[in-house]
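Just so it is clear, A, B and C label the chains in written order, and each chain counts residues from 1 on its own.
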Amino acid sequence: MAGSDRRAAVTPAAPRRRGRGTLALAAAALAVANAPALARPERVVSLHLCADQLLLGLADRSQVVSLSPFATDPLRSHMAAAAAGIPRSRGTAEEVLGMTPDLVLAGARSARSTVATLSRLGIRVMDLPLPRDFAAIRDQIRAVAAALGHAARGEAMIAAMDARLAAARHDVPRPRPVAFIWQPGGFTSGPGSLEHAVLAAAGFDNLAARFGIGPFGHLPLERLVRAVPDLVINWMGSEPFPSLAREGLHHPALLKAARGTPVLSMPPELWTCGAWFTAGAVERLAAVRRALGKRRAAAERGRP
Amino acid sequence: MRGPVLMIVLIVALAAALALSLLVGSVPLAPGAVWNGLLGGGVDAVIVRDIRLPRTLLGALVGASLGLAGAALQGLLRNPLAEPGIIGASSTAALGAATAFYFGLAGSHPLAVAGASMAGALLAVALVHALAGRDASVLTLILAGVAVSAFAGALTALAINLASSAWAALEITFWLLGSLADRSMQHVAVAAPPMIVGWALLVSCARPLDALSLGEETARSLGVGLGGVRFRLVLGTALAVGAAVSVSGAIGFVGLVVPHLLRPLVDHRPGRLLLPSALGGAVLVLLADVAVRLLSVTVEVRLGVITALLGAPFFLWLVRRTRRTLA
Amino acid sequence: MRLVARNLHLAFDGRLALDGVALAVEPGEIIGLLGPNAAGKTTLLRVLAGLAVPDAGTMRLDGTPLAAVSRGVRARRIAYLPQNATCHWPLAVERMVALGRIPHLGPLAREGAADRAAIADAMAACEVTHLAGRPVTALSGGEQARALLARALAGTPDLLLADEPVSHLDPYHRLRVMELLRAIAQGGGAVVVALHDLSLASRFCDRLVLMDRGRVAAEGAPAAVLTAPVLGRVFGISVTLLDGGDHPVVVPRARLDGAAREMPS
C-alpha cells in the first residue's frame, strides 16, 4: 500500500495541454514531501520479545517479516494471538540477512554481536532498551511509530494508555498501601525499575524502597516476614513448570506471617515488556487497591 | 585424647554452633528474643521457628551426614582422601534430585526427590567402589570420582535446561553449589528419617572398619563378613548423603576435612572416628552457614563455595603430604 | 583340636591350584609348608582359614565339617596371618594387637578383663610390650612382624596359619619368630607355617609338607622330606645336606637344567 502510494505520487497524471506544468510541479512537490520522511519500511524484522509487541501493535501486518521465538508464548507475549501465522526466527545474523529487511528492531538483551554485525552490513537496526517508567514507554512508542511510518497510531496508543493511567490514580488514599513484588529467590524490584513505576502509578508504595533496595535486589525472608506489606505481588505469574522458584512463595514463614495478605499473581505478559499494555498491570493493581480499601473501611466500621 | 573427653568437647562445640546459628540472621534479634521466639512467643516466633530453626537443624543434619559418610568411606577404602564429594556421590545425588524435581516427579510422593537423590548417591558410591575398591591406588580413586562428578554436573545442568525453568541459571547453582537459604521444617521432615537410617547403617560398621585396618583377608579371618559390611556402608552413605543433597544441594569437602582433623584425636582408629566425625561435620557446616549469612550482603554466597574455599586448600595440602609419603 | 583335610581341589585362573591335597593337623605340632612359588602354599592356607572355598574335598574340625562351623567360631579358633601383612592406619601397637580380640567381642561389647589379659599375654610372648604405645607403621621390619604375630595370638587361637611370616626378616629375627611359633606349639596350640627357608623349616618344624604344582610331593619328618632327589625334583636344584644334629641343614648348590630334573610322577 505504501509503495503504490509512492508510485502514484511520482507518476504524473495524463498530461493536459494547459495544466501540464502545474501538475508536474505539484507531482514534484509531493515527491519531495514524501521522500525525506523515511519511506515506510516494508520489511521489518524483530529480534526481541518486547520489539515484537510494538511491531505488532503499530505496524501493518504486511510490514512484519519475522518475530522473536517468544512472540507466540501467551505467558510472556501480550500480542501472542496477533503473532500467530507470522514466521519467527532465532535471530542469527545469517537468518536476518536472508530476509533482506529494511529495518531491524532489537531489544536490550539481543546479542550484541548480532546487532553489531547487522549494522556493519548496512542494515538499519533500532535498539530498544527496556523502559523503566511510563515516560520512557511514551518515548519509545513515539520513536518506533515514527520509524514504522505510523506516527499517528503511536499518538493514539499513548493517548489511550494515559487515559487508563489517569483512571487508575484518581482515588489514591493517604497513606498509600504498601506492596511487595516477590521474585524467585526473594528478589524484588525497587525504585528505578518498571515494576516500581507500575506500583507508583497504581497508588502503592514499594516495600523495597523502604529497605533501600535498587531496581533489582534481594530482600531476606526474615525482613519480609517482619515488615508485612498490604499486598504481595507474585512476579512470575502462574508459571506452569516445576522449579525451586515457586517453592519460596509457599514458605511456611511467609504463609504464617502474611496470613491475611492477599497475593496477586501478575501475568508476566503485562509488564515483562514496558509498552502501552502495561497500563493493564496498573489497572489490576488499582482494582486490588480499591478492594483492599473497602475491606479496611468495612473492618473499621465494624469496630465499636 | 581420651574418647569421652573428645565427645564432650565436640558436643559443647555443637551446642555453641547451634546457638550461634539461631542468633545470626538478617533481622538483628537479641538472644532473649530468640529464646522467646523458640518457645513460641513474641512477634519474632515466625522468624525463629520457621526460618532460623529449620536452617539450623538442616545445617547440623547435613553436616553430620557428610562427616559420618566421609569417615566411613575412608575406613572402607582405607584411604584418607575418600569422601562423598570427591567420589562423586554429592554430584550424582544432585543429578537424581534435579531430574526428579524438574520432570514432575516431585508431586507424586513427598519423598520422591529425596529418593531419587539417594539413588544417585548409591550409583556413585557403588561405581567408585567397584572401580577402585580392592586396594586401588589413590590416583584411580580420585580419577574415578572426578569423572563421575564432572559427568553428573553436566547432566544436571542439561536436565534443568531441558526442563525450561525460566530460573535455570539460578537453580543450577543451587544444586551444584549448595545452599540452606530459606529452607523450612518440611525439608527437615523429609530429609531426617532417611538420614537417621543411614547413620544407623554407617555406625554399625564401626568394628568391621577397625578390622579392615589389617586388610581384607585378615578382616575376613577375624570373622567380618565383608559383603555385608560393604552393603551396609554403601547403602548408609547413599541414604545419608542422598537425603542431605536433596535439601541442600551438593556440598563438598566436609567429609574430607573433618575426619582428617579428628583422626589423630581418636588414635587413628577408623571405628572410633565415626561419631566424632558426625559431630564435627555438623559443627563445620553450621559455622560455614553462619559465614554465608554474614558475608551475603547483596547476593547469597553459596554454602558450597565456603566449604570449597576451606576444603580445596586443605585438599591440596593433603595431596602434597601424601605425595611425600608415597615418594 | 584336630583339623583334617582330605582331597582338596581348587581350580583358579584355568589351572589347578590344589590338586588332591590332604593334610592333618594335631595340637602341639608345627607343620612347615614348603614348595616353589605358585606351588599352592598360600592357597592351601587360605582354604584352611576359610577364605577360599575348595571345589571338592572335605575339611573337618574336631570331626565337624568346617563348612558347618559358623564364621564366628572359626574366627575364634583359627588365626590367619597373611603374607605381607600390614596395618593401613598408624595405630598404636597395643590397639592393633587388640584387633585380634574381635572374634571374641560381642557386637556392642567393650573389651573385658579377659580380653585385656589375652592382649597383654600375646604382646609379652612376642616381646613387643615395650612398643605398646608406638604407631605400628613406625616400627622396624622385625618389630612389625612380631607385633602382627601378637595380633594373631591375641585371639587365643587353637590353630595359627602363618604365610611366610619371616621372609623379609634378618637372621636374628627369623630365629626369634620361629622360637615364638615353637613356644605356641609347646603350649598346646597347632601351627601351620609356610616358609621358603628350608633349613629354618627343618630345624623348627615337627613335620614338613612339600608341595609342587598343587600336589603334595612329599610329607613327613624333615629328614624324610629334605632329600636330594626330592629337592632336585621339586625345586630344580642340587643341594648339599649337612647334619644339624637332629635335623638336616640344606645348602643349595646349583640349578639343574631340564634334563637333570626328573619328570614329576
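Operating definition for what follows: contacts are C-beta pairs under 8 Å (C-beta built on N, C-alpha and C of every residue); 3 or more make two chains touch, one makes a residue touch a chain.
Every value quoted in this text rests on a predicted model; they were computed, and no experiment measured them.
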Greatest Cα-centroid separation from chain C: which chain? A
Innermost chain by mean C-alpha position: B
Nearest whole angstrom, what separates the Cα centre of chain B from the Cα centre of chain C? 44
Round to the nearest whole Å and give the separation of the Cα centres of chain A and chain B. 46
If you average the Cα atoms of chain A and of chain C to get two centres, how far apart are those centres in Å? 88
Any idea which chain B residues touch chain C in the complex? 78, 207, 210-215, 217-218, 220-225, 263, 267-270
How about chain B: which of its residues touch chain A in the complex? 25-27, 43-44, 46-47, 50-52, 101-102, 104, 106-107, 163-167, 170-171, 174, 182, 184-186, 298-300
Complex interface listing, chain C residues touching chain B: 46, 49-51, 71-72, 74-76, 78-82, 85-92, 95-96, 99-100, 102-103, 105, 107, 135, 151, 155
Touching chain B in the complex: which residues of chain A? 184-186, 217-218, 220-223, 225-226, 236, 239, 241-245, 248, 251-253, 256-257
